[in-house]
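Each structure below appears as structure tokens.
You will see subunit A twice below: alongside subunit B first, and alongside subunit C after that.
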Partner chain A sequence: MEPKELEVIEEIEKLEEKALISPNRQILNRFKKNKTAVFGLIIVVILIFVALFAPFIAPYKYDEVNYSESLKPPSSKHLLGTDILGRDIFSRIIYGSRVSLEVGIIAVAISVIIGVTLGLISGYFGGWVDALIMRLVDITYSFPFLLFAIAIMTILGPGMINVFIAIGIINWAWFARVTRGSVLSAKEQEYVLAAVAMGASPGRIMFKHIMPNVIAPVIVGAALNSGYAILAEAALSFLGIGVQPPYPSWGLMLSDARNYISTAPWMTIYPGLAIALTVLGFILLGNGLRDAIDPRLKI
Partner chain B sequence: MEPILKVKNLKKYFPVKKKKLFERRKYLKAVDGVDLEVYPGETIGLVGESGCGKTTLGRTILKLYQPTEGSIIFDGKDIAKIRGKVLKDFRRQAQIIFQDPYASLNPRMKVKQIIEEPLIVHGYSRDEREKIVDEIMESVGLNPEHKFRYPHEFSGGQRQRISIGRTIALRPKLIVCDEPVSALDVSIQAQIINLLEELQDTYKLTYIFISHDLSVVRHISDRVAVMYLGRIVEIADKKEIYEKPHHPYTVALLSAIPIPDPEKERNRKRIILKGDLPSPINPPSGCRFHTRCYKAKERCAKEEPKLVEVSSGHSVACFYPENT
Partner chain C sequence: MIIGITFITFMLLYLVPGDPARMIAGKNATPEMLRAIRHELGLDLPWYKQYLNYMWKVVHFDFGTSYRYKRPVIEILLDAAPKTAQLAIVAVLIEAILGIIAGVISAVKKYSFIDSLITVSALAASAIPIYWLGMLLQYWFGLKLGLLPISGYGTLAHLILPSIALATGSTALVALMTRSSFLEVSSMDFVNTAYAKGLPKWRVIFVHILRNAMIPVVTVIGLDLASLMGGAVLTETVFAWPGIGRTIYQAILMRDAPVVLGGTLFLAIVFVLVNFIVDILYAILDPRIRLEA
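This part shows the complex of A and B:
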């Protein structure tokens, strides 16, 4: 055989091998190549680490008051300075990461569970069920986010768990819409028809055959949404209807800091930076996941 | 012999999306009055060009689509309107093999899970399932050791074997084969066809074999039905229809089969039909084929020919049939 032909054959064999790598493996490979995505992942991993080991990392307790140290600028004793009550900003930011992480996970989990279930039902059954759920989505969408959140918080009362619930029941609409869209195309797939032909129940078809194949955009959306949920929590806490003092939420810290912005800027800068970095981390991670899972997804 | 399946005046219309608000709703008449009898153990080939309703007919028979009108009598019972438990019982006895072995297997399930699924749905115990899965994999020519692999690790032909395995797991009586080999290489096609024939012998299966490949249909079928625009225009024994086609459409289709002899190939007359398949939303009046027929006369545009038996077992819907 000509050497050129051999080359071509080798090339084909390589391609064939590539085709045999499992879809999950391919996603992982694509993700690893994307530097910004890995950067986002690192930020999120650091956040998780910090939140889990907060008591070991923080030099002070978050509610440790020390009036003699009030409004001190950053120093070796207080790495990021102190607030009006002499509490250590660094320690409070460390503890505050727990709130943010919990919001990022629990609030988004609530939206995903509600949204994906309703989206599956809506897309699979169609007809009036679909119309009803989609109008509910439209209604949820039509409220300004913060106003809606404030309304829910007023009804439920302030508190951490209620923040999760409020953000969760506002964000479900997005997941419902995205899931429904994917279900509409997935349910025409022949493997779904095959499941119908064997007599599988609608529940089995929805959760066993359709859901695993429409979950990709939901995962991407969940990562992106976590960023926005953290932002929303900060906003609610800033307005005083979210997490209650003395527990440190980054939004709450900003709210405390706003009277001292010219005299003690460290009180504003560092919690603000923490929020910005965390949100950035989640969004970079989400975008990276999207590009790795399916670059054609439009989210 | 009693037919295992008797389809009478079966219709399946799909609603078409309205373009204007105050427009009368239009329907796409995919299957428009089909009569068909299928006998146990036989293979009936269903041929016709793309868009003629073969696939819709196959899927409606299996109740994957709810029929608009007509009756489907399976094993003596009309299944057109059944649901719930009775329907599930029917599902166990009638199955389908799809065309595209890439689209018909759930990419997130292992081979074992795929073949086992119908058994789970119909309440087989774990031990029974284990045994049947191994048995089935062997009988469709797969190595049972590969049962923990995912579909993407297999070639097209092997995937179609997996798909066939899932189909026969419940030991159905009737299988609709919806172009099961069209997506495969020619060399693999033969293997799959042989497998289908073997399984038919072993499990006493009845096939409705949908295809646009006339050579494949000729090989596997006992009888052949030709469809045009939602109707059956001719049905006869294989030998009869390939040697003495009556309907001009059948004649045209058969003239398109390539002959592997250049001498003959050059000298034979090929009938080339004018135009495309008319829209099934607005089918032509009278005989649906008259717009493209080389024999059409005035009568064809006005009256509709019925499917009538012209000789034993050979029915045709045409006023001016060939070869009679």
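This part shows the complex of A and C:
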């Protein structure tokens, strides 16, 4: 964030305080002004819509094999062409959005639950608990993400559920670190000290008084991380240790396409485009949310 | 840190389904034979003793034996390592040179058309799957234009497409980081002083600002090696580049767990060591940071 932009934002904030607009309204206003953020939101909304109504949108079933239609280029019958088994690429991309959305939601939910819990404990109790958890965070960070995922998938074996678990238990470290930071600064706030003085239990203080401070950065992080989780799932499926055929993951479709780059380039182009657009959508949405909620947030 | 990584890898290896003793002895092994092999491999010891044994072996670069090739994993990895290193070094060069140039242009021409163009394409580049980019490069430059070999290892021309594919995401990251770091430094007092002294603009940009803006950029390049290591698996797979990444991929296909885990551990250790070197580089870039700090 540049100084000039910060100045502009501060001016807007002053005006908003004068006008007595509620904080939530302010966030919404700032978000709406950000064109790329709205673009990201639109992509994410389209993804959710397509995933929910896949059977109604897709002209064919994702596993509908038709050998006479093998490797056909895009046409009015098959919008984005067909693969070696004559399956409709467009329909498979539509169904594949379900895998991506599930990864974006479930894997990230696992990370958030583990990360926020450990971050709260770490920041609230401090001492050796804090040191231990932060050490774990450092170690998790120091292991290259995709390699870690490959290693875990080797143990768990391929499959959709295992992909969620693998990505979920690698990504938690980020949330733990951010949560801990918010807890540390919230702990010094007077209302928290007051709650302690009134004899509130650690659980109550943590979840009732400190937790609300954590929500904003976690939402921003969840949006960004969904994008990276989708990218990771596609990579694992591409390597053959993620989602298994015949279910259409976009990464798996690219893996199938490898042998037909010259004969059927449409098999390569469209699933990759779907991944790139979806991931970009989540990243833009996350960046936009960050700027709208708190431009000074370092994420 | 390395202890942590080896511990994780050990736990993973410990948890791998399947009994190594049975794999070595074959199908007709008697229970006595299995017990003897387990004893020989130290598999009958409690897990912490196994871990110490494992650590001892890792310190001596012994990552076990491949199920498939019946060769020590470290030999297989060392054969492949120089090839991955070539790819990684070229990719780091591309990302450092192009990323910093793009970032500086973007920062100097702040809020211009070219600035938005660079920023938007950098964001888009970070969302593109590396292997998809690789396949598109193969299609355009290899098949359509016929300019470059689409896969394999050998000449310098073989190196071009894979290193571009590997470097793209990181280049974007470096460009964005350079831009924000450069802008942060530009607003500092000493920069105004430099301009006030009447120094030419290029001198202020390259000598005063850039040198100070480089510190976070070097950090990013160091940390980003992690994604480069992961990216190497994908890039080498797409381009049939016979490095460690492709070795890991083939081991995945053949369910050769010691090679997969040994390979990932090997790359992770390289990553940690490189970052240690990056920490030392700081001291050179910024005299305020001393090693004891």
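Quick note on the criterion: the second predicted complex is superposed on the first by the 280 of 299 C-alpha atoms of A that agree within 3 Å, B and C clash if a C-alpha of one lies under 4 Å from a C-alpha of the other, contacts with A are read in each partner's own complex, and residues count from 1 in each chain.
Everything below uses one rule, namely that a contact is a pair of C-beta atoms (placed from the backbone, for glycine too) under 8 Å apart; a residue touches a chain by one contact, two chains touch by 3 or more.
These numbers come from a predicted model, not from an experiment.
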Partners on subunit A (subunit B, subunit C) - clash or fit: fit
Superposed model, subunit A: greater residue contact from subunit B or subunit C: C
First, second, both or neither for A:Phe238, with subunit B first and subunit C second: second
First, second, both or neither for A:Arg204, with subunit B first and subunit C second: first
First, second, both or neither for A:Ser76, with subunit B first and subunit C second: neither
First, second, both or neither for A:Asn213, with subunit B first and subunit C second: first
Partner chain in contact with A:Tyr191 - subunit B first, subunit C second, else both or neither: first
Contacts of A:Ser68 with subunit B and subunit C, given as first, second, both or neither: neither
Distance in angstrom between the closest Cα atoms of subunit C and subunit B, superposition on A: 9
On subunit A, positions contacted by subunit B and by subunit C: none
Subunit A-facing residues of subunit B, complex: 59, 62, 64, 87-88, 91-92, 94-96, 98-100, 103-108, 117-118, 121-122, 150, 152-153, 163, 166, 170
Residues of subunit A defined as touching subunit B within the complex: 19-20, 22-23, 189-191, 193-201, 204, 209, 212-213
Residues of subunit C that touch subunit A when the two form their complex: 1, 4-5, 8-9, 12, 15-17, 110, 120, 123-124, 126-132, 135-136, 138-139, 143, 150, 180, 183-184, 187, 225-227, 229-231, 233-234, 237-238, 248-249, 252-253, 257, 260-261, 264, 267-268, 271-272, 275
Touching residues on subunit A, where the partner in the complex is subunit C: 1-3, 36, 135, 138-139, 142-148, 150-152, 154-155, 157, 227, 231, 234-235, 238-241, 251, 254, 257-258, 261-262, 265, 268-269, 271-272, 275-277, 279-280, 283-284, 287
